[in-house]
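What follows is chain A paired twice: with chain B in the first complex and chain C in the second.
What follows is the complex of A and B.
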């Protein structure tokens, strides 16, 4: 399969994703899965500005992403899928055959507690991720390609 | 010119001054925005100023040189009376493209291009010329981008994606990587012969072998190994071996 990376990152398509991971994986397609961005034209315009011309950027709602996931897994295009919250990621993984996810950055909010310097999770979010591991999904945190991947078990 | 622009531009140099994992650049962005928000209706004691400042201090992160684009655009949106929910969406959306554009332009383009040029000059001319040319060229682009970003943000407000689409910026992004590759590729053999000047041929072979090993390890065996880590490890190892050898 050439679905190179399925990432959870509340900054969505930012520098670490485009420069860090995009270069390391020589990525051709980035899919941003987020219901709110899917519905907002000006936000899509802004995200497009952050993507190099040689990389294609698509937007998908959660149902669209679930429908398209078998295509990404089978496609020869090297693809990164980015989601901005645990719920979106979990729905996508539960509705598809994605078996490995990367946790990039989830930032502080009042109901969240610190798990790693760049990962803050509420208890609900943490247990939702643990439930993905129970389904046989490999969940690990790694902000940039040169960092060590930290398995979910080590920080929840 | 909008009042407070110069002050905001200066304050943006410290946008990371209160960086923390909770809000990242949030506090710094608020401090830089403050001069642009003072003349909101009601003044610094008014409701709108306080609400705008509260929004301005929330979680924020962008490439520091491009942060002014967000600070300017958000201040403009506050002056235009854009609803709070829209301002907050703009504030949470901007970091992604600004981070991406900034990383591509500077970390992948201007920095390696000017470094390569500086290194090549240091090795072939009186050495002080290298760092001097590097610092002047790099910061000329850096200061220009900071000034442009704040002005373009203020001029465009909610339509800030127009500023990011400007032809000069799109062209710069397109040529950033080819320029940095050409510059570093130009500097590498010059640096190599300068560093190995006076070494015997077997020692030069050793230098080449270590360099090839570093590239091979980083590319195929241990992708998490960065060039810096490998270089420092190899230098440390060489010190220990040299010390034991005596």
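What follows is the complex of A and C.
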């Protein structure tokens, strides 16, 4: 597997991803997987503003991402895939051979409870992530590269 | 224009608050600048914080980075059609100038602030 990082982060492409992880992994390609952003040129332009010239940014819907995942896994390009919600992440993982995911920032909402300082999940979202682990996927939380990865079992 | 412009400083962590505090310490001006942090919120919540800070006033939003969640929130607010302009890459020099230029229209104040901020960045020989 050559995908450098598959991340769940509700801010999608932002400083932590581009600067924190991008620099640490010397990333060449970022793929933003989100049906809403994929459908909006205006939203895509917003995310392009934060990407350095030497990094390529692509956009994919969930079906497009599932179709492209084998290529990403086989590609020599150092690649970060970012999804913004648990459902999108789970669909992508369940439809592909991705076997490791990183939980980044998932922020507070009325239906969520605090699991880590930067991770809030509803019970349904937590269960969906646990189901990925049951499928053999390594799920851990780590907001920045210098932090300790926290296995899902420690916060669900 | 009846009311002076607001300046919203929108940043990661506590940078915005620190910059507003520094402007007050240097100029004695405490009105007009409002700090907003992206701490602990997603894009939707940050948008609501920004909307509340602007409060329907004419404003310039100063964002810390030329990309990322803060700029995205500011650019989304521009679509509301309110009289708001955005400057990315805020520095202290541009804020120090801005607090004395709040009579300008948002676009003019933003343009002036950006020019002032760029002029303040210098590489000095050892």
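Heads up, the rule we're going with is that the second predicted complex is superposed on the first by the 156 of 156 C-alpha atoms of A that agree within 3 Å, B and C clash if a C-alpha of one lies under 4 Å from a C-alpha of the other, contacts with A are read in each partner's own complex, and residues count from 1 in each chain.
Following the convention adopted for this analysis, a residue touches a chain if its C-beta (ideal position, glycine included) is under 8 Å from a C-beta of that chain, and two chains touch if they have at least 3 such contacts.
This structure is a prediction, so every number in the text was calculated from the model and none was measured.
Superposition note: with chain A as the common reference, chain B and chain C are in steric clash.
When both complexes are overlaid on chain A, the residue A:50 reaches chain B and chain C alike. Judged by the touch definition given at the top, the superposed model places A:24 against chain B, while chain C stays out of reach.
Touched residues of chain A, counted separately for chain B and chain C, are more numerous for B. Of the two partner chains, chain B is the only one touched by A:40; chain C is not. When both complexes are overlaid on chain A, the residue A:148 reaches chain B alone and has no touch with chain C. By the touch criterion stated above, A:114 is placed in contact with chain B alone, chain C being left untouched. For the contact definition in use here, the residues of chain A common to its chain B contact set and its chain C contact set are 11-15, 18, 46-47, 49-51, 107-108.
Residue ranges of chain A in contact with chain B, taken from their complex: 11-19, 23-24, 37, 40, 42-43, 45-53, 107-108, 114, 117-118, 145-148.
Contact residues of chain A toward chain C in the complex are 10-15, 18, 46-47, 49-51, 105-109.
By the touch rule above, chain B contacts chain A in their complex via residues 21-24, 59, 61, 63, 89, 93-104, 107-108, 158-161, 164-165, 173-174, 223-226. Per the touch definition, chain C reaches chain A in the complex via residues 12, 40-43, 45, 65-69, 71-72, 75-76.
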